[in-house]
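First the structure, then my questions, so here it is.
First chain written, first letter: the chains are A, B and C, and each begins at residue 1.
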Amino acid sequence: MADPRFYSVAGPFNLKSIADISNASIGKGVDDQEFFYDVQTLSSAKKKHISFLDNKRYIDQFSRTSAGACLVHPDFINKAPDDISLLISDEPYRGYALVAAAFYPTLNMLNYQIGPKPIDDTAEIGENCKIASSAIISKKARIGNGCQIGANTVLGPGIILGKDCRIGANVTISYSIIGDRVCISSGTQIGQDGFGFAPGKDNHMKVPQLGRVIIGDDVDIGSNTSIDRGSGPDTVIGEGTKIDNLVQIAHNVKLGKYCFVVSQVGISGSTEIGDYAVLGGQAGIAGHLHIGDGARIGAKSGVMGDLKAGITVGGFPARPLKEWLRGIAMLRRIAIRKDK
Amino acid sequence: MADPRFYSVAGPFNLKSIADISNASIGKGVDDQEFFYDVQTLSSAKKKHISFLDNKRYIDQFSRTSAGACLVHPDFINKAPDDISLLISDEPYRGYALVAAAFYPTLNMLNYQIGPKPIDDTAEIGENCKIASSAIISKKARIGNGCQIGANTVLGPGIILGKDCRIGANVTISYSIIGDRVCISSGTQIGQDGFGFAPGKDNHMKVPQLGRVIIGDDVDIGSNTSIDRGSGPDTVIGEGTKIDNLVQIAHNVKLGKYCFVVSQVGISGSTEIGDYAVLGGQAGIAGHLHIGDGARIGAKSGVMGDLKAGITVGGFPARPLKEWLRGIAMLRRIAIRKDK
Amino acid sequence: MADPRFYSVAGPFNLKSIADISNASIGKGVDDQEFFYDVQTLSSAKKKHISFLDNKRYIDQFSRTSAGACLVHPDFINKAPDDISLLISDEPYRGYALVAAAFYPTLNMLNYQIGPKPIDDTAEIGENCKIASSAIISKKARIGNGCQIGANTVLGPGIILGKDCRIGANVTISYSIIGDRVCISSGTQIGQDGFGFAPGKDNHMKVPQLGRVIIGDDVDIGSNTSIDRGSGPDTVIGEGTKIDNLVQIAHNVKLGKYCFVVSQVGISGSTEIGDYAVLGGQAGIAGHLHIGDGARIGAKSGVMGDLKAGITVGGFPARPLKEWLRGIAMLRRIAIRKDK
C-alpha cells in the first residue's frame, strides 16, 4: 500500500461500492459484498487489493497477478487468472482513477506548513544543521545531522533527508526519502504529481499518484530539475548518480547507480536505466523502456527502444553510434554533390 | 486596451508627441495635434489607437485595420487603408516599443507585496482556502473559495484564481486570470514578460508586454513550466488542457481545449493550437503557426509549418509519420549495407 | 585566485602534503617542502599555484603553463615545461578535486542569510530600491540604486547588483557580479555549482567550482533559466544579450554581447560564443567550442563543432543551412517516391 508516512488510506469498500465508484460491471459469480482495502499495481497487489489492466504491455502481469479484484476491458477477460474478481469496464484506467481517489480522498490536500512558524513543532531536525531564512519544514519531516537547507526552500510533510545533505534555495521536496550527502541545487522540484491522466472526451481525469521519490546516498542534482514521484511504484535515483540542470524525470523512472544525466535530458515514465549509464545533454528517452548498464546515449539523441548494456547510441531515433554517423556522412556527401 | 486590472495607461498624447517619442515622421496631410489614447494590435485597434506593422505576415491586417494611426516602414505605405495617419519609420517595431513604454510608464515596476504582511489587505480570499507559510498574495488579487496555495508561492497584484485551485510551492503567478479547479505544480512561473525585443546594433529594445495569461477551467500544469503573458493579445490555455513539467509556452500562444503537452515541449510565440492536440515530449513548434484540432505531434519532433487537423507527424522537420519513418528506415538500410 | 568576495582560501600547503591529499607521487628532483598557496587553471596559474592537466585538448597550455606545480598523468610528463614540479597521478582530475577541496574547505557551506532578519545588516542597499516581501539579501551583498527585488527571491552573500536592475520572484543569485539595468525573470537560478565531477568506479567526485557569474549591462534573462558559475574561470554573459526561458548555460561559458538565446537552448561547458550570435529555440551546443560573431544557429539544431563568424546552420548535427535543407528535401523525395 501507499507509504503511510505520506498517504492516509480510507475504506475498506465492498466490491459493490467499488463497481459503483468506477462505473464498472461485476464479473459473473463474484461476491459483491467482499471488502477491499487498497489499490495496487498488478505486480504488487495481494488478495485484498484492487488492481487494473490498462496497457497491453502488462497482459502478462495481469495473467499472473495475485490481486483479489481487477478493473479490465472486456477484450482481456479471457487472460484473467483464476480466482480473481473482475470489474469490467470500457475505461479501466478511468475506473482505477476513480477508485484510487476514493481510497485516498485527502491526496490532493496540500499539506505544507501553515501559519507563522516556518518549522513545524513535530519536525525532527538533526544536530549541526544550518537552516536559512524562510525555509519551510512541514510536519513530521525528518532532517539528518549536518544538513544545510537553503533560503525559501520548502520541505513537505514526512519527507526524510539523510545526514550531511545540502539543499539550495527555492527548492521544493515532498513525498521523498533521501539518503546521505545528497546535494540538490536551487530551484529544483522533487516529489510533485506525475503526468498521469485517463484521457476522455469531456475531461482528462487525473490519476492519483501514490508513490514516492527515493534518492540514494551521494546523489547530486542540479538546478531547475523536476523529479515526479511515482504513481504507485516509486521513482528511484540510485546512489552516486549525478543529474544536471533542467532535467525531467517522470513518474516511476528507475535510474541506476553512478549514472550521469546531463542538462535538459528527459526520461519518460516507467523507464528503467541501469548503473553507470551516461545520458548526454537534451537526450530524450521514451517511456516503459529498459536501458542496460553502462549504456551511453549521445547528446540530443532520441531513444525509442530498449538498449542493451554497454552500447553507445546517437541520433534520433537513436542508433548505434557508428551507424548513425555513417548515415549522416552519406546524406552530407549526396547533398554536397548535388550542390556542384 | 490593456486590462486595467493589471495596467495603468498614461496619455493621451498627440500625434506630434508620438512621432517625437518614436523617431517617426508624420505622413502627408495628417493632423499632428490629434490625440491618441492607447496602443493596440492591427486587428483590434480602433480610431483613437496607435498600431504598428512590423512583420510582412500581417500586411493584410494592416490594409484592413481600423487603427487611427500606424507606425509603418516606408516600403509598405502603399498598403495602408484610407483615413489612417501614418507614422513612417525605418524601425517601426522599435518605434512601437517606445510609444508603448510612454503609454505604460509604470509597466516595469514590480508590484509584488512589500512589507511584513504576506497577504495584502486589499486581496480577496474566498472561503475555506488553505494558504501555506510565506505565500505572498499581492494587492487586489482575488482567490476563489476552496483554493490551496503552496508555501513560498507568490501571487501578483490583481490576479484572479477561480475556485478549488491547487497551487504548489515556489510558484509565481502574475498578470493572469485563472479558472476553476486548476492545478499548478511547484516551481512553475506564469505571466512574466514574453521574449519581445526590437533588435538594434547598439541595443535590443525591450517591447512592453501588455497582455495577460488566461487559463481555462480544469487545466493542470506541471513543475518548472514557463508561461509568458501576451504582448498585447493574451496567452490562452483552453479548458481541460494538461501541461507537463519544464514546458515553454511563449507570448500570445493559443492552446486549445483538452490538449496534452508533454514535458520539455516548446511552443513559440503567437502559434495557435486546436483542441485535443497531443504534443510529445521535447517537441518544438515554431512561431506564428496554426496547428489543427486533434493533431498529434511526435516526441522530439520540430514543427516548422502549419498542420491540418487530425494529422500525425514526427521528426525534424516534422513530416507525416509514415513518411518520416520511411525516410529513417531507408537511411538505416543504406548505412548498414555499407557496413558489410 | 578565486574571488575573495565569495571564497576563503586555506593553506598554504607544502608539496608533500599536496601529494598526500591527491594520492599523487612527486616527480624526480622536486623540493617537496615548497609551499603552494592556491589552485589555478593552466593558463592563469603562477609560480606558487597548483594546476592540473586532464583533457588532451589542453596539452598545449600545459607545455606553456607558468604553474609552479601540476597534477598530470604519467603519459604526458614529457610535455611538461621546464622548472615545473610534477605531481604524477593516474587520475589527475580527481587529484585536483581533492587539492581544491583542501584549499577551499568551506566551499560547500551554504551561506545564505540565517535567522529572522531577511536582509543582513552588512548588506548594502542603494537608494530608491523596492524590495518585496520575503526577499532574502545575505551578508555583504551590494544592491545598486533603483533596483527592484521580487518576492521570495534569494540573493547570496557578496553578490553585486548594478543600478536599476529588476529581479522577479523566486529567483536565486549567488557568486555573481551583475551590471546595470539587468532584468531577470521569475524562477531563474544563477551562480550554483557547475556540473563538474571526476568520474570513478565507486564514486564520482565533485570538483570544487571556484568561479563566478559575470553579467554585463542591459542583459535580460527569462524565467526558469539556469546559469552555473564557472569552475575556476568565470561564466560570462556579454552586455545587451537577451536570454529566454528554460535556457541552460553551463560553467565557463562565455556568451558575447547583444546575442539572442531563445527558449530551451543548452550551451555546454567552456563553449565561447561571439557577439550578435542568435541561437534558436531548443538548440544545443556541445562543450569547448568556439562560435564566431554573428553566427545564426537554427532552432532545435545540435552544434558539434566550431562555427565561423556569420554562418547560418541548422539540423543535427548542425550544417550550413542550405546543405541541411537540401539533405532533408532529398530524403523526403525518396521517401515519397517509394510510397507510390
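The working rule: contacts are C-beta pairs under 8 Å (C-beta built on N, C-alpha and C of every residue); 3 or more make two chains touch, one makes a residue touch a chain.
Just so we're clear, the structure is a prediction, and the values are computed from it rather than from any experiment.
Undergrad: Roughly how far apart in rotation are subunit A and subunit B when fitted on CA atoms, stated in degrees to the nearest 5?
TA: Result for this pair is 120 degrees.
Undergrad: Examine where the copies subunit B and subunit C touch and state whether the two sides share over half of their residue numbers (same) or under half (different).
TA: different
Undergrad: Compute the distance, rounded to whole Å, between the mean C-alpha positions of subunit B and subunit C.
TA: Subunit B and subunit C have C-alpha centres separated by 31 Å.
Undergrad: Would you give the residues of subunit A that are in contact with at least 2 other chains, written as numbers and ranges?
TA: In subunit A, 134, 152, 170, 187, 224, 246, 264, 282, 316, 331 touch at least two other chains.
Undergrad: Using the touch definition from the top, list the residues of subunit A that touch subunit C in their complex.
TA: 130-134, 148-152, 166, 168-170, 183, 185-187, 218, 220, 222-224, 240, 242, 244-246, 258, 260, 262-264, 281-282, 299-300, 315-316, 328, 331-332, 334-336, 338-339
Undergrad: For the complex, give me every residue of subunit B touching subunit C.
TA: 108-110, 112-118, 134, 136, 138, 152, 154, 156, 170-172, 174, 187-189, 192-193, 195, 197, 199, 201-204, 206, 224-226, 228, 246, 248, 250, 264, 266, 268, 282, 284, 286, 302, 316-317, 319, 322-324, 326-327, 330-331
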